[in-house]
Amino acid sequence: MASPARRSQSLATHDRQICGTGGPVPTQTGYQAVRDATEALAAPLSPEDQTVQTMPDVSPTKWHRGHTTWFWEQFVLLAHASGYRAYDERYLYLFNSYYEGAGPRHPRHDRGMLTRPGAGEVTAYRQIVDEAMASLLSEGMSDPLRDLVELGQHHEQQHQELLLMDIKHVLGTNPLRPAYLPEVRAIAPSVASPLAWVPHDGGLMEIGTHGGGRFAYDAESPRHRVWLEPFDLGDRLVTEGEWLEFMADGGYRRADLWLSDGWAAVRAEDRHAPLYWESDGDTWDVYTLGGWRRVDPAAPVVHVSYYEADAFARWCGARLPTEAEWEAAAATVDGPVALPIALHPTAAEGEGLRQMYDSVWQWTSSAFCPYPGFSPAPGLVGEYNGKFMVAQQVLRGAASITPPGHSRAAYRNFFPAAAQWAFSGVRLARSA
Amino acid sequence: MASPARRSQSLATHDRQICGTGGPVPTQTGYQAVRDATEALAAPLSPEDQTVQTMPDVSPTKWHRGHTTWFWEQFVLLAHASGYRAYDERYLYLFNSYYEGAGPRHPRHDRGMLTRPGAGEVTAYRQIVDEAMASLLSEGMSDPLRDLVELGQHHEQQHQELLLMDIKHVLGTNPLRPAYLPEVRAIAPSVASPLAWVPHDGGLMEIGTHGGGRFAYDAESPRHRVWLEPFDLGDRLVTEGEWLEFMADGGYRRADLWLSDGWAAVRAEDRHAPLYWESDGDTWDVYTLGGWRRVDPAAPVVHVSYYEADAFARWCGARLPTEAEWEAAAATVDGPVALPIALHPTAAEGEGLRQMYDSVWQWTSSAFCPYPGFSPAPGLVGEYNGKFMVAQQVLRGAASITPPGHSRAAYRNFFPAAAQWAFSGVRLARSA
Amino acid sequence: MASPARRSQSLATHDRQICGTGGPVPTQTGYQAVRDATEALAAPLSPEDQTVQTMPDVSPTKWHRGHTTWFWEQFVLLAHASGYRAYDERYLYLFNSYYEGAGPRHPRHDRGMLTRPGAGEVTAYRQIVDEAMASLLSEGMSDPLRDLVELGQHHEQQHQELLLMDIKHVLGTNPLRPAYLPEVRAIAPSVASPLAWVPHDGGLMEIGTHGGGRFAYDAESPRHRVWLEPFDLGDRLVTEGEWLEFMADGGYRRADLWLSDGWAAVRAEDRHAPLYWESDGDTWDVYTLGGWRRVDPAAPVVHVSYYEADAFARWCGARLPTEAEWEAAAATVDGPVALPIALHPTAAEGEGLRQMYDSVWQWTSSAFCPYPGFSPAPGLVGEYNGKFMVAQQVLRGAASITPPGHSRAAYRNFFPAAAQWAFSGVRLARSA
Amino acid sequence: MASPARRSQSLATHDRQICGTGGPVPTQTGYQAVRDATEALAAPLSPEDQTVQTMPDVSPTKWHRGHTTWFWEQFVLLAHASGYRAYDERYLYLFNSYYEGAGPRHPRHDRGMLTRPGAGEVTAYRQIVDEAMASLLSEGMSDPLRDLVELGQHHEQQHQELLLMDIKHVLGTNPLRPAYLPEVRAIAPSVASPLAWVPHDGGLMEIGTHGGGRFAYDAESPRHRVWLEPFDLGDRLVTEGEWLEFMADGGYRRADLWLSDGWAAVRAEDRHAPLYWESDGDTWDVYTLGGWRRVDPAAPVVHVSYYEADAFARWCGARLPTEAEWEAAAATVDGPVALPIALHPTAAEGEGLRQMYDSVWQWTSSAFCPYPGFSPAPGLVGEYNGKFMVAQQVLRGAASITPPGHSRAAYRNFFPAAAQWAFSGVRLARSA
């Protein structure tokens, strides 16, 4: 793993004592730690910042804060806290994201139309729910409740990452060019090591969650066998410097490099660089949560779509890994360290497979499909993953903005192939 | 004119001593009075309320506050205050509305995407510009500057009305059903007098601004002759009670009553009532800036499109007036009194033509065209009216939310035929 | 009037003996002459040509042929021919254009989706209806029937012009660049006379149809008084040569020349010339129904939108006439001669007001509004004009493709301001 | 395999002597047989039928006829026939489908805008190209040429199926309800056997083309190992009768059964049944290429999207097979018999896995991805499959309208999850 010392100044948003690599602990203290972490991320944002939705995929910060609260209220308090009554019945409608089983809900693309409840009203909502949760959790937990609390913690952690992804879009597309945290120093430009290939023999491998008490989403089950032919993985992520070479070589103008849908998107949007890259003609600037900086040749490229990742791989004679290849290779190195959230990815240093979890998510060539024998979690939370298993590509690893304890080798993140606003980058693969 | 005592509690947003029926006085005191009135209207609104744009036609409150400030900066300070430098060059881009001659500008439909500058930053911008304006105006004014200041005051008054129209849409479409000013009591349901027809002999009439020192927009010039056949005007506006009858008689289901485009809109939007009307099946509620209230049979109907107004008139065997008819008839009664802004329209009382200026704007059957001999004002402000002279219908009169001194018989308001979010209602006419 | 000898070779589609300036005669012979004229226009077109709809405004040729037949069947035969039964009930649905009173209908934008009935089946439909009409008309006509037959003839004439407008779009946007009638020789490039201004004193004028037995649509009634200030009209139409000057002077790049909606359209469509103009960089070619030809400096410009016409007028310091000005001036010259349809407009020669009816329709600055005292024709045909009286601009005169007898001084053609595919051009006006 | 005698009357469009299960033979005779088969399919269609494009995915018949000809001209004649010159340079633009390497092309969604070239002109084009091909093929073939001819034959066969799919949409959405071949009798309603499960042991299997001289597309290579857990396949396809049960049980109204995107599509389109099903309230009718018929309980359901297939499987407690499962199971039964094209699918009879190739394509849960070690075919034809490897689901088997010799166990058909207009149905699977 990259040394934490090399990372940019981090956000002290999680208590590492209660949040090891195994993820948040389903206790009252663990609950509140996750809740506090969300508020810490929202703290630098004004009421106006928390209100706007710059594209349908983006949700306002105050919506994330309200929705994660709704999750506790809807799935834990209303189901398990006797006598609990909804804080405001209308919030059950406003803050339901996509749970058909939980009733009707405000349309996703209209989340930015709501000025009320304001950021302050959401704070009040959070406090009431936290008090009710504290009371419930102080009574001791049954196993099903414990599982639900653990799921809720992971759910809220996921939204912490989404909150950062989304606010980056809100601020990164503002002509005033504001930073989320201007005081967070960017990594100084540095030199990346030459790409090396790390071989894997393939064979009959097992992938999927081990279970054994560690939390995992339903989509990571069941563990099962896959056959892999021998392959190599790049030891580090593709860099901004390498992306500049791709651009200079006409990468965005050569139809032969692109998937058909990707080429159509590039033409329709007149795209010439990753999202959040801007050029004055001579040089390129890149927007980060710490503000705009000059392009950094050694930094891993981020905010590329699957189409771009795939075209880049084709351009350099390689390909993207399958998710099974990625996981099988990840099993040969140490798992993720529970690093605090950091605005900037880690530059590659050392040897072996690096930047697996501490920099940016890595597109795979695998579509998000059910594992053999998969069945969704029972109850309402069964809508969590299974119903998205079409027309999505799997990303593996984790990003610097992923909360500590939320990363694992079996984790299956997914986005549509056109998505650019996730912290998504590229690890190359090739057949041996 | 209706007695002010019948009006709902009004917003004390204008100093009537400096703002007579002739409109705001172009002095330093008059300038500041208009500016303060804008801030008074924004005062009840949170930063979140001021940020959102619920449809492309709506602008956020803080944008209105910034744009009116930009108008002073762009057209007065930068042109007439020696040594003045722009507060922030980027605001010249963000707050230009549609003046091609003033350079590029932020897209209208993206005004709600901006979290920065926040409401507080706009306040700071306003203060700096107000200070510079105070300094400039204290030096005495040339005639062209005086004309420009007067135009700027009317421009800002116009945006005061737009601000209220727009925030009504923002709050009126929120599922939490908030009021803008909940403490402003609605008019108690009352009985409207039967509609009476006020005859006019027609003949060769003159319409357009008299000039003579009174302010008017360029589109009101030149005064010119028109020939009118004899006609009658309704003595009061169409009421919510009459609109209920129209609805009950299948008004929204009978294609024969509608203009072709209007029928297409009604079908496409599945519309069954004016904007801001909601029914639980039995009764209808109507959203006002003071909150939701039960439908009021005597209140003038508001928020109907030109299509709806025209269909209603056809349904009851009448028609809408032309703008020349309206203005010729208005010349026979007293002009507008400089009433303070009021959230609720005036109910009709008394005799003769009533509710001409104190209730809601009145659709006419006239398209917004140049008067014979029209030429736009010279310079950048020439973009104010002339370039909109196609595919718009003229509305005449004024609304209860129109600022005092901003109403006059020659005033030509205009909106597209489909617009519903203006305070637009119906006065009937018929050929004699 | 321009000498017929100067016109391009014409389409002998109307028998001038039965079709004088008064329009088609409502007799059995007159009926069949109009019907035959439609078929003559369709004769050069293949089944494929007759099937396609290249934009929602365009209707396929075979639809025009079917719809005009439906008009006779729906409004005449089913209402007046005892015992007549519909040829095919489904055709009543397929060929109704927009008559809400006549029941549901096939969506306008899907007319090009229908391969059946084919062109030949439409021919059979026409023949059956013609036979029934012959039988009915041979029995003698009541006055109401006579009026209906006359209306039906004018209706079919109007569709003859639409058929040519529409097939021009179908063929003119085909990459193979086919002509409708390649053998129809285009006018040789020539020199237009310098524009001269023809003055008019204005005053209290009368416009609208005279009645007196001559056919007119309901929208041309009632004849009424209007007051006009003195004005001048251009003696001829604006030419392609003058349009080239406008283009060379940045006409399509100067926002100050354009109505706001027009400028938005020009930017959105990246428009630099009239519809059907193409350039290889050096010269401009223009598509006509006779095929592509080099731009002709003396030919009247055609296929410009209202936006373009208005911008051009502003560019040269003039304006467009109002429809009342146009009609008042037209009353001072001879009315239209019943010329056969011609593919090419007439070049201006002679003195006085020229090219009033024999070249292209002329945009006016007047929106299409009801005349004072207007009431729609009774019955289903009342949907003919009145329901379109919003967001349309009036065009006056006629075009070379207008059928003989279908032109008159009081005629009010109308299209939306953005329309380019009509044979629309520019006559300038100015206030005296 | 189902007995040919049970099939509906078939289209005698292929000479089975020259077109065995191995596919068309790359000889001059074989070439012409494939070409003639295309023309036989177009023969029942009028010029109008051949011209229209009822949705962007549909291509006009004459376009299919032209495009398949272009393939021969572009890839064979221009590359291999010395001295050959393009029939019409503009056809290279009009009839290129999506080959970026072959230059610019007419937009896919505008194929229905073209009236020229007409159906007859396409016939002439086909004849000239066929003559040139005959001349070239009579000279003997190099191996690369032979491969290209074989590919071209399979390409044209694929378009024969597309032609039928597309004309079904053109005719099936016409309010006149025409049949493609009304004389082709539909299968009489019959009784399907109860669904039986055919078990498979799983293990380390091989899938992909065997090679060994048999034609295959590049996407079927390389043959490779996959690990399969034990599973069962349904012995026959899901029937229309079973689909009625799904509908009756609220299948289209229960969100819990659907993938999230599928549910959104069902809501947006208000879908309650497969494509081409219509109800008068009591009974359901189904459109076939032989015309409308009453729903047939024993017939395999067709024209369901992946979303629908997946929801149905979930409803009955099963799932869809992966493509590897399908292919592994197919290896245990006889391969496809080279049956002539038939308008109607085969009803299930007999034992074991049935209806694998002779009825409808079968959705799999596998996304269309590159096989391990996949590389696209060299040259322009490399655009054939590889660039579509995202956001598509694989279908396996073949349909009754698939040309003889065009079916094989390794064949990977693919469509987006929302597509309904392909001949797509459902075979169930379950984990053992």
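Letters A, B, C and D mark the chains as written, and numbering starts fresh at 1 in each.
Please note the rule applied: a residue touches a chain if its C-beta (ideal position, glycine included) is under 8 Å from a C-beta of that chain, and two chains touch if they have at least 3 such contacts.
Since this is a predicted model, take the numbers as computed values, not measurements.
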Whole-Å separation of chain centres (CA-atom averages), subunit B against subunit C: 38
CA centroid of subunit B to CA centroid of subunit D, Å: 60
Contacts with two or more other chains, residues of subunit D listed in rising order: none
Touch-based graph of the chains, sorted into line, ring, star, complete or other: ring
Contact pairs between chains, per stated definition: A-B, A-D, B-C, C-D
Subunit D contact footprint on subunit A (complex, rising order): 98, 100-101, 204, 224-229, 255-256, 258-263, 306-307, 310, 319, 322, 365-367, 369-370, 372-373, 383, 387-391, 393, 416-417, 431
Residue ranges of subunit C touching subunit D (in the complex, touch as defined): 46-52, 54, 62, 90, 93-94, 106, 112-119, 170-171, 173-176, 178
